[in-house]
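All chains are identified by letter, namely A, B, C and D, in their written order; residue positions are counted from 1 within each chain.
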Amino acid sequence: MSDLSRIGVAIDSKLLEKFDDHIARRGYTNRSEAFRDLIRDALIEKTAQRPDSQVVGTLTLVYDHHVRMLSDRLTEMQHDHYNHVLSTLHVHLDHDNCLEVLILKGKAGMVQKLADALISTKGVKHGRLTITTSGAGL
Amino acid sequence: MSDLSRIGVAIDSKLLEKFDDHIARRGYTNRSEAFRDLIRDALIEKTAQRPDSQVVGTLTLVYDHHVRMLSDRLTEMQHDHYNHVLSTLHVHLDHDNCLEVLILKGKAGMVQKLADALISTKGVKHGRLTITTSGAGL
Amino acid sequence: MSDLSRIGVAIDSKLLEKFDDHIARRGYTNRSEAFRDLIRDALIEKTAQRPDSQVVGTLTLVYDHHVRMLSDRLTEMQHDHYNHVLSTLHVHLDHDNCLEVLILKGKAGMVQKLADALISTKGVKHGRLTITTSGAGL
Amino acid sequence: MSDLSRIGVAIDSKLLEKFDDHIARRGYTNRSEAFRDLIRDALIEKTAQRPDSQVVGTLTLVYDHHVRMLSDRLTEMQHDHYNHVLSTLHVHLDHDNCLEVLILKGKAGMVQKLADALISTKGVKHGRLTITTSGAGL
């Protein structure tokens, strides 16, 4: 890690108490580490809002593979953007249901649009996109 | 506002600079106020899931694999719960940064707890859990 | 690691020379480690030939997703054996071609049969099954 | 599919009988499809032997993650070649043993060398590389 700054932060005592409770339950042993994670989270959120910024996205899809042509359609949509789909992990949850996780990379606007198109495909039961970054500079 | 506590937080200088930039553009005139908002956000973001319901979760982690023993530690934590970690997809984003996506299955409380433990591990830059279900009954 | 036995092995000098050459090129710095790997390989090969032994298999498939209904068919075959397909990783190689890697677990006979059925599906260009074990006892 | 040639092949009757037996057991319903697969297999094998040809490889590794620093070392080796490791799928087989599947892309010589280095790392119990191609032109 590079050089550290030590700053002072004024926080309402009751709020601090709740926060310390919260981070203890989440397994942090160090309050500064928890603060650093909050800051990174906020920066990533900001990046995701500029449509031209480079992001990495994880898209989770749940669907019933028995829906006719659905696997074919999802595969085709991914191949049309194959240079933005790093890879796809497929888990067969039960006889009917699939969980598919796609790792997407590209401009935030494009990633969001591709995710929206996949989620809204008929037969997809649930979809959720998580935006993150490559981590460079954080 | 009620009584204030003044705490010290150690932050990587470059990260602090970016954060200050970020909050300036968002209109904060006061760094402590920005921190208080971050904390409230984290506290408000509570899972509505009942801890005993069966869920499937996708956990996205970004980390710098150069942090000593980090890969070892993350692997060990996953193996301690190997029957709840269906599989893990790892993409090498660049020379330094890893994106890891874990597919978790089990009771919501356990999945959340395992995710929290992994996200709060020192060296993990960003983590986000997406909860879904097996899709059965949807 | 458990206790080591030190054994003597008689080898034709020329054969040994070739072997040393071979393992040097493969990056081994230690001849015994190379021998242990050979032994494990042979044991796994043997295990794979008993149809009732528990194995883990990695099946690599290359196919053109444009072949009508092929994605649907492959997904369906996997779901019919969903408790034996741990997970599937899909990489979009180019606009046409997919690489799919399946991790299979079960009795050697069943794993081989499922792999054969997938490889022989019309439209699959190349398929290869690698049998290994859970590693327990090796 | 492109246009088909129909060729005659002379085969010893007994050999053909064994071959028909073999492909029936592997699930082929069509002898020509089985022949095409054999031809593709042979071409891929040949490609893999020219160190400068572009290939895709699937590397299967089994290891005990308890071996100190092993996860760290394997991750680091992969990042040193991150532009050749498309992605890595990790399955936690039991409390001790990991199965890791890497998808590699690049020149055959480089892919083979990276695979050899990973397989020969102390603590890796079993490793096997499967070479294939992107499928373009097959």
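FYI, contacts are C-beta pairs under 8 Å (C-beta built on N, C-alpha and C of every residue); 3 or more make two chains touch, one makes a residue touch a chain.
This is a predicted model, so every value here is computed, not measured.
Colleague: Measuring centre to centre with C-alpha atoms, which chain is farthest from subunit D?
Modeller: Most distant chain from subunit D: B.
Colleague: Please tell me whether B-C or C-D has the greater number of C-beta pairs in contact.
Modeller: Taking the two pairs in turn, the one with more contacts turns out to be C-D.
Colleague: From the C-alpha centre of subunit A to that of subunit D, how far is it in Å?
Modeller: Those two chain centres are 31 Å apart.
Colleague: Quick one: report the Å distance separating subunit B from subunit C, using the average Cα coordinate of each chain.
Modeller: 35
Colleague: Taking each chain's centre as the mean of its CA atoms, how far is subunit C from subunit D in angstrom?
Modeller: 8
Colleague: Going by the touch rule set out above, which residues of subunit B reach two or more other chains?
Modeller: Residue numbers touching two or more other chains: 86-87, 89, 91, 93-94, 96, 98, 103.
Colleague: Help me check something: in the complex, which residues belonging to subunit C touch subunit A?
Modeller: Spelled out, the residues of subunit C in touch with subunit A are 65-66, 68-72, 74-76, 78-80, 82, 85, 87-96, 98.
Colleague: Give every residue of subunit B touching subunit C within the complex, in rising order.
Modeller: Touching subunit C from subunit B are residues 86-87, 89, 103.
Colleague: What residues on subunit A touch subunit B, complex-wise?
Modeller: Subunit A residues touching subunit B: 1-16, 18-19, 22-23, 25-28, 30-44, 46, 56, 58, 60, 62-64, 86-87, 89, 91, 93-94, 96-99, 101, 103, 125-126, 128, 130, 132-138.
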